[in-house]
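Worksheet: the structure to be examined is printed underneath.
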Amino acid sequence: MTDVLSRRQLLERAAKGGAVLTLPGLLAACGGSSSESSGSESDKTLADTLRFSNWTLYIDNTKKGHPTLDMFKKETGTTVKYFEDINDNASFFGKIQGPLSRGQSIDRDIIVMTDNSRYPSLLIKKGWLEKLDKSAIPNIKNLQPSLQHPNWDPDRDYSLPWQSGMTGIAYNDKLTDPVLSTDDLLENPKLKGKVTLLTEMGDTMTLVMFANGDDPSKVTDATFDKALKRIQKAVDSGQVRQFTGNDYSGPLSKGDLSAAMAWSGDVVQLQADNKNLHWNVPEAGGGIWTDNMLIPKGGDAFTASTYMNFVYKPRIAALIEDYVNYICPVVGAKEELEKIDPDVAKNTLIFPTKEMLDNVVGFDSEALANQKYLEAWQNLISS
Amino acid sequence: MGFLHRHRNLTPYLLLAPGLLYLALFFVVPLCFLAYQSLESGTFDIGYSFTWAWGNYWDAIHNYRDQFIRSLEYAGIATILALVFAYPLAYWIAFRGGRWKNLLLLFIVAPFFVTYLIRTLAWETILADEGPVVGFLRSIGILDDDGRLLATGTAVVAGITYNFFPFMALPLYVSLEQIDERLIEAAQDLYASKWKAFLRVTLPLSLPGVVAGTLLTFIPAAGDFINAQLLGSSQNHMIGNVIQSKFLELTDYPAAAAMSFVLMAAILLMVAFYARLVGTEKLTG
Amino acid sequence: MSSVPLAEHAPRESLASRLWAFVKRHVLTVYAWLAFVYLMLPIAIVIAFSFNNPAGRFNYVWSGFTLDNWKNWDGVPGLSSAMFLSLEIAALASVAATVLGTLIALALVRYGFFGRSATNFLIFLPLSTPEIVLGASLLTLFLNTTIVFGFWTILIAHVMFCISFAVVTVKARLIGFDRHLEEAAMDLGANELTTFRKVTLPLIAPAILASLLLCFAISIDDFVVTYFNAGSEVTFPLFVWGAARVGAPPQVNVFGTVIFMVAVLGMVANVLVQMRRERSVA
C-alpha cells in the first residue's frame, strides 16, 4: 500500500476523526479524481463492518434491534451498520448521484433499490455498481426461478432481490362489489372519484397495458400511447381521484377510496385492522417488482456478497419475512416459516400461488429509461 | 461617544458581515452552481455540458405556464386567508395575552413538532369523505352529496394556509405587541370608536408586521410541492411538483435549475411590485 | 338621567351599548379560542392516536385504547436518536440564525449604506428557492470540499435557510422602534454595547423570541434539504417519512406528544417562576 490513500480509506478516516484531515490526505483527495475503490481488488477478507442502507422497517425488527443482523455478526464476526435512509427510489438516487458521478464513494456496501424504477439499470449503465462476488454466494441457487433473469440484469451480476412485491387492485367490500379488473378501476362509473392509481409509471402502465391486451414487458410507442390516452381519459372524467405513492393506505382504510391500485405488502398490513379490504392480481394481469440489493462503487463486494449469501439461507429469510411480510424471493423460506409462524406462511399475498405469479410481469426496463415516455408520464400526473 | 458612533460608516458593514458572509458561502455559491447547471444541455445518460442553453428557460416558461400561474394563485389565496385568520389571533395574544403570551406563541408553532407528514395525515382524517367536516358541509349544501374536500384545489390551499400559519402569525404578533396601548386609548379619548381607533392607529402601526408576514408566507408557499402532492389531484399540482419531478424522476437537472430561476424571478418581481405598492419604508424601515 | 359635565367624555352607557361592548370584547376571545382549536386539531388527533392499538402496522383506524405505546416508548429503534438529533440541531440552528439575522436586521433598518436594497433582495432569495434544488446545490458544494456529511452539514444547511426568516421577523419589530430611548441612554453616559444590552435588546425581545420559535419550528420540520445533506444521520422528519411508507408506528405519535408537552410545561414553568418573582418583589 502506498502513502496515497484511496478515496474510500480517506473518507473512512475522516469519518473517524471528524473533518480535520492530514495534508497528504487532502492532497490525495483533491488530486485523485479516479475512483480507487478497494472493492475492485478482490480481497477475500471480511471487513469489520458492513454498511447496509435499506428502506425503513424492511428487516426483522424487535425492541432490541435486528436479530438477523446479530446472528450474522455471531457467524462471521462482521458488524452490520444498518441505515434506514431509503424511502423513495428517486430521492435516494438524487442524493447518491452527486458523489457517484464524481467518483466518490457513498460509504455503503449494500443499497436496496426497486426495479420498477429506472435507477437500478441506470446505475449499471453508468458503471456505478460493483459486481457481486458470486463465489461467495452459493445460496444464490435458492433464488426463486421467476426472478433469476430480469431483463435489466439477466445474469444477476449486480443485483440480488431482497424482497418482492406485486402490484394489483385493492378494494373495500363495504363500499363496492369486488373490483377485479383494471377496466373496472378505470371506467366503472360507480367508482368515480373513489379510485387512485400509482405515481410509478412502471406500476400503473403495467396494469393498464395488460387491460389493453398489450404486453408491458415489451413496450412500443403505440402501446404506450394507447395506455396513456386511456389513463388520461380516466383522469379527465374525474374517475381517478389522485396518483399516489403508498399514501393510498390512509384513504383506503378510512373509506375515502373504494378501490386503489395497490401493493401487496401494504394490504397485508391494512387487512389486520380492516377486514373489509381485499387485494387481487387483476384479471388481465398485474405487476411484480423486486427491491434489489446492489453494491455501489466503493463498497466491499466480498463482505456484501457474504451477507447476501447469509440472507439467502431459508431459515434467515423466514425470520426476515416474518416481520416484513412482502414477497420472499428465497425458495425454502415458506417451509421454514410454517414452523415458526404458519399464518404468515399461508398468506398468498406473501407466498403467492403459481397462478398469481404467472399473471404478473415486470415492466420493460428499456421503457423505464426512455426519457420521452417519462416526460409524457410526468406531464400526465402533474398537469 | 462610542467607537461605533465615531466610525458610523463602518457599523452597518460590521453588522452585516457575519450573516452575509455565511449566506455568501452557503447560499450564493450553491446558487451560482445552479445557474451554471441551468445553462447546460444533454441527457443524464450521456452527460451534461455547458452550452449557454437559454432554451431551458424558454421551455420552462412555455411548457409549464399553467403550473406557474396556479402556484402563484394558490400561494396568493393562502396568504390572504392566513392574514385574515392570523391577524385577530395575533392581536388577541398581543393585547390580551398578558403573561401567557409566550406560551400562546408556542401553541402557534406546536404543530411543527409533529412533522409535516403526520400533520397532513391528521388532516386527512379530519377532512375524510366520511368524516364530520365533509358530512357537515354536505348537509348544509356547500358540497354535493358525493362531493369531497380531499384531492381538490381547496384542500391544497387549506393545507398551505395551515402549514404557513405561523409564518404569518408570528411577524404580525411581533409588530402588534410593540404598539403602545396608550396611543389607542388616546384615540378613544378623542372620540374615536373602537373600530376607528383600530383602523387609524393600530392597523397602520402593524403594517410592518403585515408586510413581513405576507412575504414570509407567500414566497415559500409559491415553491411548495408537498401540499399539492398529498392533498391534491394531478390537476392541482404546482410548479414545485414539476421541479421536483424534473430533478428526481427525470434527472433533468438543467430543466429543474432553469425552472427554479424562473420561479425565483417571478416571485421577486411580485415582491418588488408589492414593495412599491406598500411604500418602501414599511419594507426596509 | 342628568349628565354631569365630566361625563361628557364617555358616551352614555345604555344597556344595549353595554351589551354590544360585552359581545365585542368577547368575540375576539372566542375567535382566538376557535383559532387555537383549528391549530391544535391535528395535534389532538396525533395525541389520540398515540393511544391507539393497531393490529397491523398502519396507524390510520382506531382499533382500541392502549397504554403500551407509552410504556414502550423506546420500542422503535432509531426513533429516539432521530428525535434528539432534530431537537439538538433545531436549538442550535435557531440560535445561530437569530443572532446572524438580528445583526443583519439592525443594519438594514438603521443604516443607509451602499448595497442596501440589494441586500434586502438577497435576503428573500433563499425563501424563494425551491427546496429540492437548494438541497441538491448545497450537496454539490459540500461534495467539492472534504467535509464529512452528518451533523455539521445538516446544521450549516439549517442555519442557512433560517437566517432569512430571522431577518424579516426582527425587522418587523425594528421598524417603528422608538430610537429616543436609546439616545436617552447614551446621553446618560452609556456606551453602545450597554445601550444595546439594557435598552434595545429587552425591547426587541419579543421579536427575538418569535424568531427563535419560528426558526426552531422550521428546522425541526425540514425534510428535503436535510435529506440531501444528512449523510448517514437520520433526523425525526427523515425517520417519519421513511417509516410512513410501511406504517408509522404509534411511538411516533408518542414522541410528538411528549415534545409538545415538554415545551408547554417549560413555558408554563417560566410563567409561574415569573409570577413568583413578581410576588416576592412586591
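Should a chain be cited, it is by its letter among A, B and C, assigned in written order, with residues numbered from 1 in that chain.
Everything below uses one rule, namely that a residue touches a chain if its C-beta (ideal position, glycine included) is under 8 Å from a C-beta of that chain, and two chains touch if they have at least 3 such contacts.
Predicted model, so just to flag it, every value in this text is computed and none were measured.
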Pair with more cross-chain C-beta pairs in contact, given A-C and A-B: A-C
Most widely separated chain from chain C, with each centre as the mean of CA atoms: A
For chain B paired with chain C, centre-to-centre distance based on mean C-alpha positions, whole Å: 15
Interchain centroid distance [CA atoms averaged], chain A/chain B, Å: 36
Where chain C touches two or more other chains at once, by residue number: 60, 132, 136, 140, 241, 244
Multi-chain contact residues (two or more partners), chain B: 121, 125, 247-248
Shared interface positions of chain A, touching two or more other chains: 91, 94, 247, 250, 254
For the chain B and chain C complex, residues of the former touching the latter: 1-5, 9, 11-13, 15-16, 18-20, 22-23, 26-31, 33-34, 85-86, 88-89, 91-93, 96, 99-119, 121-123, 125-126, 162, 165-167, 170-171, 173-175, 177-178, 189, 194, 205, 208-209, 211-213, 215-216, 219-220, 222-223, 225, 240, 243-244, 247-248, 253, 256-257, 260, 263-264, 267-268, 271, 281-285
Contact set on chain A toward chain C in their complex: 10-11, 14-15, 18-19, 21, 26, 29-30, 55-58, 61, 63-66, 83-88, 91, 94-95, 98-99, 102, 104, 107, 245-247, 249-250, 253-254, 265-266, 268-274
Complex contacts: residues of chain B adjacent to chain A: 43-45, 66-67, 121, 124-125, 128-131, 146, 148, 150-151, 230, 232-235, 237, 241-242, 245-252
Contact footprint of chain B on chain C as seen in their complex: 9, 24, 28-29, 31-32, 35-36, 38-43, 45-46, 60, 100-101, 103-104, 106-111, 113, 116-117, 119-122, 124-134, 136-138, 140-141, 156-157, 159-160, 163, 165, 167-177, 186, 191-193, 206-207, 209-210, 213-214, 216-218, 220-221, 223, 236-237, 240-241, 244, 248, 252-253, 256, 259-260, 263-264, 267-268, 270-271, 274-275
Chain C residues within the chain A interface of the complex: 54-58, 60-61, 63, 72, 74-75, 77-78, 132, 136, 139-140, 143, 146-148, 152, 227-228, 230-232, 234, 238-239, 241-247
